[in-house]
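There are two complexes below, and they share chain A, which is joined by chain B in the first and by chain C in the second.
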Partner chain A sequence: MDVALVCTVNGIVLSAIYIMVALGFALLLSIMGIFNFAHGAIYMVGAFITYGLAKTIGINQWVALFISMAVMGGFGLFLEKFCFRPFGGKVFEVIVMSVAIILVLETTVVVTIGGSNRALPAFIPGTIKFGVVSVSIDRIIILIIGAILLVALTLLIQKSMIGQQMLAVAQDRESAALQGININRTAAIATAVACILATLSGSFMSSLYYLGPFIGDGMLMKAIEVVILSGIGSLGGILAGGLIIGFMDAFLPVYLPNPLVAQAITIGVIIGILLIRPKGLFGHEVS
Partner chain B sequence: MLKNRFLADKRKITKAAIYAFLLIILLLLPKLGISIYYVHILIGVFLYIIMTSSLRLINLSGQVSLGHAGLMCVGAYTSAIISKNLDWTPWLTIPIGALVTFIIAFLVAIPFSRLRGLYFTMVSLFFGMAVLAINEVFEKITGGQSGMVGIQRLFGVSKIPYYYFCLALMIVCLFIMHRLEFSRIGLTWKAVAQSHSVASSTGINEARQRIICFAIGGFFAGLVGAVYAHYYVVLSVTTFGFFTSIYIFIYMMVGGINSFYGPIIGTTVLLLIQPLFHNVIREKYIPFIFAGVLLIVLYLLPKGLFGLPEQLRLWTRKLRREEKTALQEEVIHRAPRN
Partner chain C sequence: MKKFLVVISLLLIIASITVSCTSEKSTSTANAKTLTIGEIEPLTGMFGDIFKYVPQGAQLAKDYINNHGGITIGGQKYVIDIVVRDGKDSPEGATAAANELVYDKGVKFIAGTGPAFMVPAIDTVTEPAGVLYTAVYQNGMKVEMGPNYPLKFVGSPCSFSGQVATLTYLKEKYPSVKTVAFILIDDGQIADNDPVVRATATKLGLSIVGDTVGYAPSTQDFTPVAQKAVALNADAIMIGNAISPWFGLTLKAIRGLGYTKPIFSCCDAIVLPDIAGIAGSDAEGFFGASIPSDPNIPDLPQIAKDVIKMASDQGWQLNSMHVQGFSAVYSLIMAIKAANSLDPKVVAAKWEKMDKIDTIFGAGRMGGLQTYGVNHNVYYKTPISIIENGKVVFKEWISLDKSLMP
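Up next is the complex of A and B:
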């Protein structure tokens, strides 16, 4: 029972993080039609900026987090303007571009800070007891912030003008442009939002687990799993996909005799779903 | 007419001369006393050229696969496990590995053939991850992350026989792929890539063509994987990870996706960056050079490295034209004054 409770909390935290990262990946995929494989590297750099500001300069960690989010948001605008826009939605050129970005970012971090793993201190240290189980406050904070953010994002996408424009562009670029939607502006905002979400989740994850120059690669895999499972072009489906993958990642390694089987089961489930529904759980046809 | 024919003949002769020259250089290289390190690097280049070209073969039918290293992994482990556990000679297990990869690629391609474009790319990427996960589950046989050791060697310890073997293998594979591309079946694939609905309206079974194309590409990937296993003798799943697939894809893109020679040039240039620069600058700065090459190709050479001469010609022509117009403008400006 206690193990199940801990797993549930972990599952929700992991799901929130996966959803935030995958949402950024999916935003770029559905709005610009590109694979941004550099998303994992952005996640890592955001965490490192928070770490650098908080640890070496000594700013309050929350302030450091906000500065880092602002910096990475600006970096997102830069990326859209100079790295993605010139290639106008050509998927395969952008894959090469994103690998170049990964190489530059990871190598810069390795050269300047070093390749060893380190840890970001907890945002709020301490634990809360639920009966016999104690859960660190950090996890609960992340859970709350993640939930608030997801609600805010859903509202942003469903209710606000820019969100509706994003959905329109995701559905059909050309028709959206014909309706007078500024595609480039939409794409720039989407990239900035994606980078900010990645920074936030990167900083939180590295306070829970560890921080290293290559943490982004694993997270990128998870984001891709979530996006494939939910289907391209469906932003709402990411919530369900993230919850499924997050809970599988939290429960399977604990309850299975061999943790390596967990990954295979996750992939097996996704392949099974894809065989039945090739477009993913909630995807629709994208030409 | 006659002149055209003469030009065509001349071009053929130059082409043949270039091939012969390259072949002689490659044959003589180990005798010229290059260090064993470069022989090792060149063997890797030969193997990866086959990988990249086979990826382009799959791409001919309009399918962009990002799980090519997964197919390589299947071939490598099949051959290694059979030769290690049954003690068969690698000469037998390498073809078996390639054939098993062919069959697996064929079976996998059947459900994949329902998908097109981005969806195919996503799912193929996922196929690569699935192969690794399955590999890690059967850790007792495959060694998982810690690696598999004690695989039989194809030749002795010396690298020279491997060099000639891989060179021959590369030439044979490239020849077959070249013939395939410019044969009827290659044309069919190109038709499918251009428009699947038009292709099927002319009586092409486009799903079947794409399955066959993926399976043949898989055969070459499995062959390379099997040879790789018996050359490096140590296998680890990390060699065949997601980023290996991405890098193979990048070699193809950088070389130029539209030309048969693109993948060859791209693989050679990008794989030689590391050995050429490791004495010049610190090891950890080398990824910057790699990224620089990628950025230059992306921004300046839309047709990849293969399109470099054509692009240079365009630039010089443009420059000359600008000079000319500048000159003309000057003349026009001066005219009333004089």
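Up next is the complex of A and C:
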């Protein structure tokens, strides 16, 4: 019973982690149709900036986080204007460019900062006990922030002017342009928001786990799993996708003797769902 | 006048002796050939972070040997050169690097690498080509060493000797500990490691409880791993072969579940400062087969003191991975000297018959016969260090009991 309880708590926390990581990726893919493979690398760089400001310069870690988010938001504007915009929505070219960005960012970090792994201290140290289960306060913060971000982003897309413009661009770029929507400005804002979300999740993961030049690779895979399962074109579906994968990752390795079998089952379930619903659980067509 | 002539004659004799000695030295240096040793390491990717220290260790070995006059084989003097290639963190990368070293560079000796998936990949090139390969580490898998690999050696203590050393230390310092939970990466190592670690624990009066807790190499969250280990209710938890992030994350997860008993590692390829950097306060009390970069460690042989100084001159903090890189090259050179030959097969035949061998930590011995069927593993006394107040502190040397040697 204790084990099941711990697994449940861990499942909720893992789900929140995956949702937070996947949100920025999902925003660009589901709303703007940009398959940004560099999302993991941006997540890593944002975390390193937070680390540098907090540990090396000595700024308060929360302030460092906000500065890092602002810097990476600016980087997102640069990314959209000089790396994605020239390709005018061409999927494969954008993918190739994003892979190149991964190489540049990871190599730059290795060469300038080094390949050593480190970790951010906890944003709020300490644990809270729920019966027999202890949960670090940082994990609870991630849970709360993940939930807030999901709701906020969904409301942004559905209720705000900029969100509606993003949806319009996602449906039909040309028609949106004819309606007077500034495509470039919309795409730039979406990319900046995605980079800010990547920085936020990267910084928290670096205190929960560790920080190194290649931490983005694994988390990118999780983000892709969540987005594909939830369905491209659906931001709200991220909740379902995150919960399914988070709970599988929390329970299966504990109850199955072989961890590789647990991973295979997770992938198998995703493939099985896609075979039944190829667009994902809540997906719809995105042009 | 007579005294003056005697003094002048003496001075001329001394001068001529000095000149002839200098000429002899210049002549021998000028005539020295180069013995090129290939070095393959994963310098990029996930394993690059920990194996980046190994080529530095190899360079220290090269400099140490060359500074001490190189080696003389069959009357010919040789200086050592190390050619490093990136194994790119993959079997195919390791094979490509081995192919280049063997067939393009023509090397007859290769040292390096330790990840379980790269060592056999290098063997597929070196064995058929008749090249002697000295790995820096052995993960306890039968495919890494055995009678089918006559030209494959391991230049430093392996995972099994690490288990012996750390379990011996555990028994001595924590006498109330009777049961141990064992965590190990599940990349094929568990099947071969499991029976050996249980037998070793039994010989020492301890027992490994439950199944070995395995985790996949791509694991991000170690909470399930920690849960399984903690649920075994053991008196201590031992973490097997891993890299620094996995150690750090496992420690964080185990301590996060409220487990306060001893946690340690039996892996010789451990960089405690990196683990302390990742796990923070959760790493306090974590011990393993490691050495801090401190020349004042008791009973430290002069060679090790010299190597620590050489590393410090380069701006490096000596750690276990440097030691492994050094040992792979140094023990290979000791074997070449003993064989007095540069023929890999002759060197291998001599090496496996050697009982004793000089190492960075003093007199070492060859072993591995009872576990692998070949005497191809170099063993030397193991330093045990612990993380205290965020720093690595040396605790004790453990000499392997021959009856326990794998």
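Going forward, the second predicted complex is superposed on the first by the 282 of 287 C-alpha atoms of A that agree within 3 Å, B and C clash if a C-alpha of one lies under 4 Å from a C-alpha of the other, contacts with A are read in each partner's own complex, and residues count from 1 in each chain.
Here is the rule we go by: contacts are C-beta pairs under 8 Å (C-beta built on N, C-alpha and C of every residue); 3 or more make two chains touch, one makes a residue touch a chain.
As the structure is a computational prediction, the values presented were derived from the model and not from experiment.
Legend: residue contacts after superposition of the two complexes on their common chain; A:7 is shown touching chain C, with no touch to chain B. Shared-chain residue A:161: touches no atom of chain B or chain C.
Judged by the touch definition given at the top, the superposed model places A:111 against chain B, while chain C stays out of reach. Contacts of A:86 after superposition on the shared chain: chain B is touched, whereas chain C is not. By the touch criterion stated above, A:37 is placed in contact with chain B alone, chain C being left untouched. Of the two partner chains, chain C is the only one that A:218 touches; chain B does not reach it.
In the superposition on chain A, A:276 makes contact with neither chain B nor chain C.
Looking at the shared chain after the overlay, A:260 reaches both chain B and chain C. Once chain A of one complex is fitted onto chain A of the other, the partner contacts of A:127 are limited to chain C, with no touch recorded for chain B.
Comparing which residues of chain A touch chain B with which touch chain C, the overlap comprises 221, 258, 260, 263. Across the complex, chain A is touched by residues 64, 66, 111, 114-115, 117-119, 121-123, 125-126, 129-130, 133-134, 136-137, 139, 144, 242-243, 246-247, 249-250, 253-254, 257, 284-285, 287-288, 290-291, 294-295, 297-299 of chain B.
Interface of chain A with chain B (complex): residues 33, 35, 37, 86-87, 91-93, 95-97, 99-101, 103-104, 106-107, 110-111, 217, 221, 224-225, 227-228, 232, 258, 260-261, 263-264, 266-268, 270-271, 274-275, 278-279, 286-287. The touching residues of chain C, when paired with chain A in their complex, are 45-46, 48-49, 52, 186, 211, 214-216, 218-221, 223-225, 227-228, 231, 244-245, 248-249, 252, 256-258, 274, 277-280. Within the complex formed with chain C, the chain A residues making contact are 3, 6-7, 10, 14, 17, 115-119, 121, 127, 134, 136, 209-210, 212-214, 218-219, 221-222, 249-254, 257-260, 262-263.
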